[in-house]
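Take this structure first; my questions come after.
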Amino acid sequence: MALLTFRGGVHPPEHKELSNKKPIQPLTPPKLVTIPLVQHIGAPTKPVVSAGQEVKRGQLLAEPTGFVSAAVHASVSGKVLSISETVNPMGRPVPAVVIENDGRDEWIELEEDPEYLSRPPDVLKERIQRAGIVGMGGAAFPTHVKLSPPKEKPIDVVILNGAECEPYLTADHRLMVERPREIIEGLKIIMRILGVEKGYIGIENNKPDAIDRMREAAEGEPIEVVALQVKYPQGAEKMLIKAITGREVPAGGLPMDVGVVVQNVGTSYAIYEACRFGRPLIERVVTVTGRGVKEPGNFLTRVGTPIGELIEAAGGLADRAVKIVMGGPMMGFAQYSLDVPVTKGTSGVLVLSPAEYVSADSYRACIRCGRCIDACPMGLIPSMLSILSEKGFYEDTKEYNLFDCFECGTCTYVCPAKRPIVQLIRLAKMLVKR
Amino acid sequence: MELPEEKISYLQLIKNGIFKENTIFRLVISLCPSIAVTNSIRNGFLLGVAVLFVQTMVNTTVGLLRHFIHPRIRIPIFMLIISGWVSVVDMLMAAYAREAYKEIGLYIQIIVAFASILARAEMFASKHRVDYSFFDGLGSGLGFLIALVIISFFRELLGRGTLLGYPIVHAKPLLIMVMPTGGFLVVGLLMGFFNWIDIRFYGGKGAGGAGGH
Amino acid sequence: MSSEFTKLFELFIAASIINNFVFTRFLGLCIFFGVSKKMETAVGMSITFTSVMVIAAALSWLAFHYVMVPLEVTFLKIVIFIGIVAAFVQASDTIMRKVSPGLYYKLGVYLALISTNCIIIAVPLINAGENYNFLESLSFGLGSGIGFAIALVLMASIREKLELADVPRPFRGMPIAWITTALIALAFTGFSGIITL
Amino acid sequence: MAVARKEQELVVSVSPHIRSEETVARIMWTVSLSLLPAFVMGVYYFGPRAIFVTALCIVGSLFSEWLVQKMTSRPVTISDGSAFLTGLLLGMNMPATAPFYIPLVSSFVAVAIAKQLFGGLGYNIFNPALVGRAFALITWPRAMTTWIEPSAAFVGMDAKTTATPLGLLKEEGMNRLLEVFGDRITLYTQLLIGHRAGSLGEVSVIAILLGAGFLLIKRYITWHIPVSYLATVAVLAWVFGGKEGLFTGDPLVHLLSGGLMLGAWYMATDYVTCPSVRKGQILFGIGCGFLTMLIRLKAGYPEGVMFAILLMNCLTPLIDRNLKSRVFGERKEAKK
């Protein structure tokens, strides 16, 4: 049977072999953690601790200021040194709590509940909200919001996203291989909350071991593990829904418009941890990879750990590292400092060597080869968008469905003229809104 | 009532018509003949002369009559004057330049619809003394004539290897130059060249944006 | 009858494509270059022009054959034709404004440009010169109009694309538009010889 | 700490951080390479003169590109292979007997006027090589339609002149064509391998298909334009191509002769001047096919490929403007 997929997309070299056989190693928490108080999309949080205060692992540091907002917790026990500012992986300044680790790693009192699956949906949802869980695939949208669709949008399908279509990254892959049961339990919680009978787990076919382990774990449950064609951006919500259910999220719409909720497998694991053990989201699996580090691997990392620590743990920088990226190579953010902390949405730290890095400093005129049009998963015409934006005709870009672009970078990857298409599209989006 | 008019030098008016407000290259109006009749110098010259004559006579007539024309019906009156003079030229050409008339007759008649002529009557002759109007018409007409001769010079030389019918170059001519494509091409290249001179030596902006009928 | 029809059809095709007013007869160039910058104006212009050309062809034919020939004043054809066109344009301007203001706002602006345009006056003059009958005159007028419309729309779409092009500075705007027209005319030579009238 | 020292050397740029290895230069040079078989066949049939003509075209193209870019103080891009490809295609569209000034002048027109004046690669409206070819045909009609018989024996300039199969077909009909070639099978085989009069690079259909197949496999071109083009030509040739009435034409002769194969696979598929959306490309192909057959059967010229593609080049912006790709999740009711 042909594997399920969507129209468009590209096949960048995967490079997953660097780290996909490396088991998840817990990373010793560093001396200092810097925990950004905004790690999600939505309203900011309000700090509830002050400098000098002793905190325990899992203690609330900042509470949400609205429904679309997520709580932040201490990832180590120790003393709050200051509430200052740090730079988040996107390069923007955000308030942050700096904690000096006392090394004792003492938990706050946790509310365990072996009977979690029999609790009413509202209780489970409340636990998720309290644990500060956000989408861990990268978007970092507060999970409890996604689990509260309005009544007029009935949900009948839940999909767990295990596609991990970004090259290099293996964090979700390792999690699926090593914690399949927990992920399935998390999915069952989500299904209970939404009252959904059918769950899917979509996994790209380049992770056969993960597919096997998940299938084993899903035995006897109303959950189907679906093998997907390997293609970027298979893991984009809309593409995943199209591949698995054949439904198309309308332009400008959300998955719930077609009765679907998508969650990342890491999120599902965090949901299980929260509902079963009452643990807030304070750590996650981060892949440290690329030919710029000596020993790539997957690390269970506390939120707030500077990426420099992770790179050290991976054997340090190889002699010639040119670029450090947080997230995947297609949509991640290049970093200029090694002090940037890991957040809830950090799936990987990628260190590129000169061999992997294609300089695209100079670009030239579009030759209208159409590669970007073929590759665009959204069926847009990126070439025209980039030309119009380049020449300053921002308003005209709306005619070419500017706002349907979700900036996956596929067009830019394939462009033979090395045009910064995504950048130009972002520019147009910024200027058109204004 | 005659407003005291500023003194304008006749020479200035003529130069203005030839360079600054050259109908074809700078104002980019009344273009049709620049292609249609410029496949030989003779045709280009004859049409240029016709336009020169009409332009000058119309300007003079309008300059003379401007006080008797009611402003509200001035445009139809101008049109009447123009078509009258065009008819005169048309019949003169038909009588005395039979050969050429066969080729360019239609375009002589079309002079009636040249925006440049109406524009000069409206913008200049209806507001100025008759002698100024005369020289303005003369300058503008000369500019037109010169432009046509330049274009037809290149087209005849390149396309037939001749000038005014006399063989000049003995190599194989570029036949395409006397065809429509060559006409458009020569005008486009000349326009670009004049723009280049304007930008390079006079700090101008080039006459790209203009355009009318 | 059918050969009559074929003749009309051939006349129409010849006028619209093979002897296209713009690319081979060099008429209406001023309007052609003037209004082909934006597709919207080009389309509005095309509609207005085609209808005016057909009607002007009809009116002039009637005037020529029923008034001017009997009275032997054909030497006045330039004056009379331009009078007819101007009067018709003025009348339709007034009527359109009263009857259909919406349409007037869309197309009325182009009407003002028409009365002094060579392409409109050329149709009656050519009809008179070639001695076409009434239907032939209409067919020629329609063909010329459609041909002009084709040229305008083509050029507008190309110039919208050229707006985005990195044309060397002295050639921006008019010069490159002329060179583009030259190349379109080059392509149109391929049609030569399809219909020989 | 070693890590800290590295910070200054880090490259910071926006995503995506990896790029495909495809470049404009690689595409152009690969396409040029794929033309090699057809070119070699041209040399085989028409002798060293074919190399001379093509080389002049290439030199002329490269020089024109360099000259205009110097004059407009732009970066010189002759190494990207696009001017080379234009020159090569132009050369392959010339009769091997073309006197030296034809390749030089027409390659200048192709690159300087049809390409660089519009802003260079990516901005041209018309296929430069075809503009050069059309310019030459109209300027030197005699020289551009004087064909010599192919001769594998590397004969000199005294080769016998003859008409192209299409010329014969148009002037004297199918029967005369069969008379010249013997029988139908010989005719088809000769056309296929390229033993016929014509432009030096267009004669060998099989060599062109070889190169085109390579490009298809490499995904440098797609089937949409060539197939819709060839199919339209075949159907129209079958329906209207015969002298004895409808449905008596010989589509194969039309498919295999003239510049159709070279045009359909190499000229019509020029990225810059064809529509970029698939639907538009199919329309473009059909239009090319229709115009080609219109000109071949009705107009003054025996071959219509060049004019057909140039005419469709004019229409490309209009097609691109009105036919867009289907946007993911586009609502059906919005299309009413």
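Each chain gets a letter, A, B, C and D, in the order it is written, and its residues are counted from 1.
Note that in this section a residue touches a chain if its C-beta (ideal position, glycine included) is under 8 Å from a C-beta of that chain, and two chains touch if they have at least 3 such contacts.
Since the structure is predicted, the reported quantities are computational estimates derived from the model, not experimental observations.
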item	value
Which of C-D and B-C has more C-beta contact pairs	B-C
Innermost chain, taking as reference the mean of every protein Cα atom displayed	D
Euclidean distance of C-alpha centroids - chain B vs chain C, Å	22
Gap in Å, rounded to a whole number, between the CA centres of chain D and chain C	34
Chain centre separation in whole Å, for chain D relative to chain A (CA means)	47
Inter-centroid spacing, chain B versus chain A (mean Cα positions, whole Å)	70
Junction residues of chain D - those touching two or more other chains	113, 117, 119-120, 123, 135, 138
In chain B, residues with contacts to at least two other chains	176, 179, 181, 185, 192
Sites on chain C at which at least two other chains make contact	164, 166, 168, 171, 176, 179, 183, 186, 189
Complex interface listing, chain C residues touching chain B	23-31, 33-34, 37, 75-76, 78-79, 82-83, 86, 113, 115-118, 120-122, 125-126, 129, 168-179, 181-183, 185-186, 189
Residues on chain D engaged by chain B in the complex (per definition of touch)	105, 113, 117, 135, 138-141
Of chain B, residues touching chain D in the complex	172, 174-176, 179, 181, 185, 192
For the chain B and chain C complex, residues of the former touching the latter	28-36, 76, 79-80, 83-84, 86-87, 90-91, 106, 109-110, 112-115, 118, 176, 179-185, 187-189, 191-193, 195-196, 199, 206-213
Sites on chain D touched by chain C in the complex	68, 72, 113-114, 116-120, 123, 125-126, 131, 134-135, 138, 291, 294-295, 298-301, 304, 306-308, 310-311, 313-315, 317-318, 320-321
